[in-house]
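Quick notes on the structure that follows.
For clarity, chains are labelled A, B and C in written order, and residue numbers in each chain start from 1.
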């Protein structure tokens, strides 16, 4: 239970710190290598980009959790508080539907026969793994939006 | 664009995507294709240049699923579907441009295109990109030893990175987009590309020497969605094939005409003087010899049988 | 028709409070489902491959470098040094504010980050020395704009990627315009200071203080030298420079200034990751939007429409500037760049306007939008620091808005202001 709680609180934070450190480190190492040993790590650019793509998708979910995504509230602020909160819930449900669609299409894509034998250019890992970043990020985001929506509904009731 | 999907006279739309710029010869080949094919009235061709629909890997997938009708990737992007295509871009496998053309249009090249069909692609043929030559800002390169310590940018293709490092350069696969600047600031001393790129990207402005090493032959492989191809009747297929043939011939002529013009302009440009170095036979032999370890390495990696078959067919094509 | 609906949906979704990134994706999906323009799979691919781009790596790294330099005490030391130079003038802290923002702009790639780094030190300090809240907050919000004009700059990176232009050329093109804005802001601040009749406390000029603060700020002042010197001296590319900036700020923050504690580092990474998530989500979902625009031939149609109105570059450029200022008021900068570059670039190229110059014009327009309501991130950050309401701040910043427009027109019609340095340094 404690682990689950910790994960719930920290999973994006933890993953994004680790991934961020990993690709920054690889890039710095590569630049240093180039000037010290005169030779670059051949696969570095691809490894860095792969980590980066996962990092971005985790970051998208992290921003949902912290409610930090850039949005315009100037117009909805004119609504009465109650209506504003109801609209908020409707918006969240729309986003959830959007992400569910994205997860479905993403998984369909990963299981396409055309993707099955595709490998990455340098590291030769299976390409579906790369494409997995999108449904993974979308799924994590969905969980966060559902949590936020429940919170919103609870606060709506308490009014 | 209303009703474009279901008009009464059944004009079929062909969406062509590629990663080159609008002025590049490959785009102009597709414009020729459009012109010839649309004359017939059965097809409408839409061309989307400059990677509007993603990079080459993504465009290939879009063709497999039918979201795009034709993609135009370099051969190196099709090695999952036709592994032997990796052989095309090895250094100094083709003795001349003519040998490359006849090998690719001959039995070996056609066999590779057939390989693509299992993966949902109809290989339309080969569209030349050109022979790659080396430019740099340091010294006139005439022999492999001149490469020692040169900071060289290559394509992000392992075979190329290995080749140049084997030859003594400090080679790195790096993105094309920033290349001009990385050359102008000295982040790289040199690069290697076909003349059309050296000219159109103005690399000669920031480089002092162009050695006509011709070390790698590069080609695009236009691929069409196979379901679309199979849905056409024979007459329609004929029309597409002959429009493609016309485009390909037009492009070969275009490259031949332009390349000598572009070389002349690079050579005679007084604002940005560039020395153009032609290698004589023995100088070229030295490069070919120096590339052998890389070739041996790839013979092991890609399978000696496939490799030897490829070399054999090149030899036959030049007879 | 599809294109009109696409834009209509986008604005509707943004208006009801859907995050801008999601609005971009959602409006595209609805249009595809209604019109069968293309398949969902086609769009899904773009959202992964759009961020599979090496130059894009510079975005999180420059965000991180800026955050690390702030946490590592670099901005604090820059302010102290600049204060020792110009703090003794009447209204000196106003110039300190602008100059410190300009220096910090050379390490930070974003405007709100510059406002946060300088404002959190400067606004309380100015208040202590009897400047009004309106005066200090509006000045900080305005001078933060310089953050994206002086390199490094995230909007320039995004434009470079969208327009296939060299990021190094764009970076250096922003330097003179950025400095012009700094001068303009200092002049405006001076006039406002005189008119306000403040009685403020100024420091005294002392050579020992200057030498002392310079010594302390040395490593901070060296950062832009290393980053820009590295790029233009051929040591690394802009993307690599971002990695070097992270490395440098870690070393200086931990070992030299010792303001950055090892245990705080994960927090800084997490904060930058969060910012990256909000910025790059726009890149992810704008890609699907952009593809429908391409399929619907919107750029070509707009180019034809505009060139039918007039073929005079001066007039078209004026129209584009008005349009961009309007967009900047309501839209987020990065999203605007990704959506508008492919639409507008063909138009301006047809008119013979240099694509690097256009990158500067676009960025300046949208950066002015940082300082205008309703959506003006600089206003939000500055108001968050000082507690001044957005309404009052929007009014107080008006004089700065006037000088911004004047300089925008100057930059638009005198290309050499932007193009002189790129021509000189990289021959392009």
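Operating definition for what follows: a contact is a pair of C-beta atoms (placed from the backbone, for glycine too) under 8 Å apart; a residue touches a chain by one contact, two chains touch by 3 or more.
Because the structure is predicted, anything quoted here is derived from the model rather than measured.
Colleague: Based on which chains are in contact, what kind of graph results: line, ring, star, complete or other?
Modeller: Graph shape here is complete: every pair of chains touches.
Colleague: Considering A-C alongside B-C, which chain pair is linked by more C-beta pairs in contact?
Modeller: A-C
Colleague: Rounded to a whole Å, what is the gap between the Cα centroids of chain A and chain B?
Modeller: Each chain's C-alpha centroid was found; their separation is 36 Å.
Colleague: Report the inter-centroid distance (CA atoms only) between chain B and chain C in whole Å.
Modeller: Distance between chain centres: 39 Å.
Colleague: Between chain A and chain C, what is the separation of their C-alpha centroids in Å?
Modeller: The separation of the two C-alpha centroids amounts to 24 Å.
Colleague: Indicate the residues of chain B shared as contacts by at least two other chains.
Modeller: Only 57, 61, 65, 174 qualify.
Colleague: Could you pull out the residues of chain C that touch at least 2 other chains?
Modeller: 41, 45, 52, 54, 235-236, 239 - these are the residues of chain C that touch more than one other chain.
Colleague: Spell out, as numbers or ranges, the residues of chain A touching 2 or more other chains.
Modeller: 45, 112
Colleague: Looking at the complex, which residues from chain B come into contact with chain A?
Modeller: Checking each residue of chain B against chain A gives 57, 61, 64-65, 80-81, 119-120, 149, 156-158, 161, 165, 170, 172-174.
Colleague: Hey, which residues of chain B end up touching chain C in the complex?
Modeller: 1-2, 5, 48, 50, 52-55, 57-58, 61-62, 65-68, 174-175, 177-178, 180-182, 184-187, 205-206
Colleague: Residue numbers of chain A touching chain C in their complex, please.
Modeller: Listed in rising order, the residues are 13, 16-17, 20-21, 23-24, 27-28, 31, 35, 45, 48-49, 52-53, 55-56, 58-63, 66, 68-76, 87-88, 90-91, 94-95, 98, 101-102, 105-106, 108-109, 112, 130-131, 133-134.
Colleague: Quick check: in the complex, which residue numbers of chain C touch chain B?
Modeller: 1-2, 36, 38-39, 41-42, 45-46, 49-50, 52, 54-55, 161, 164, 166-169, 231-239, 291, 294, 296-297, 426-428
Colleague: Which residues of chain C touch chain A in their complex?
Modeller: 14-22, 25-26, 29, 40-41, 43-45, 47-48, 51-54, 56-57, 60-61, 64, 235-236, 239-240, 243-244, 246-247, 266, 269-270, 272-274, 276-278, 280-282, 284, 330, 332, 373-375
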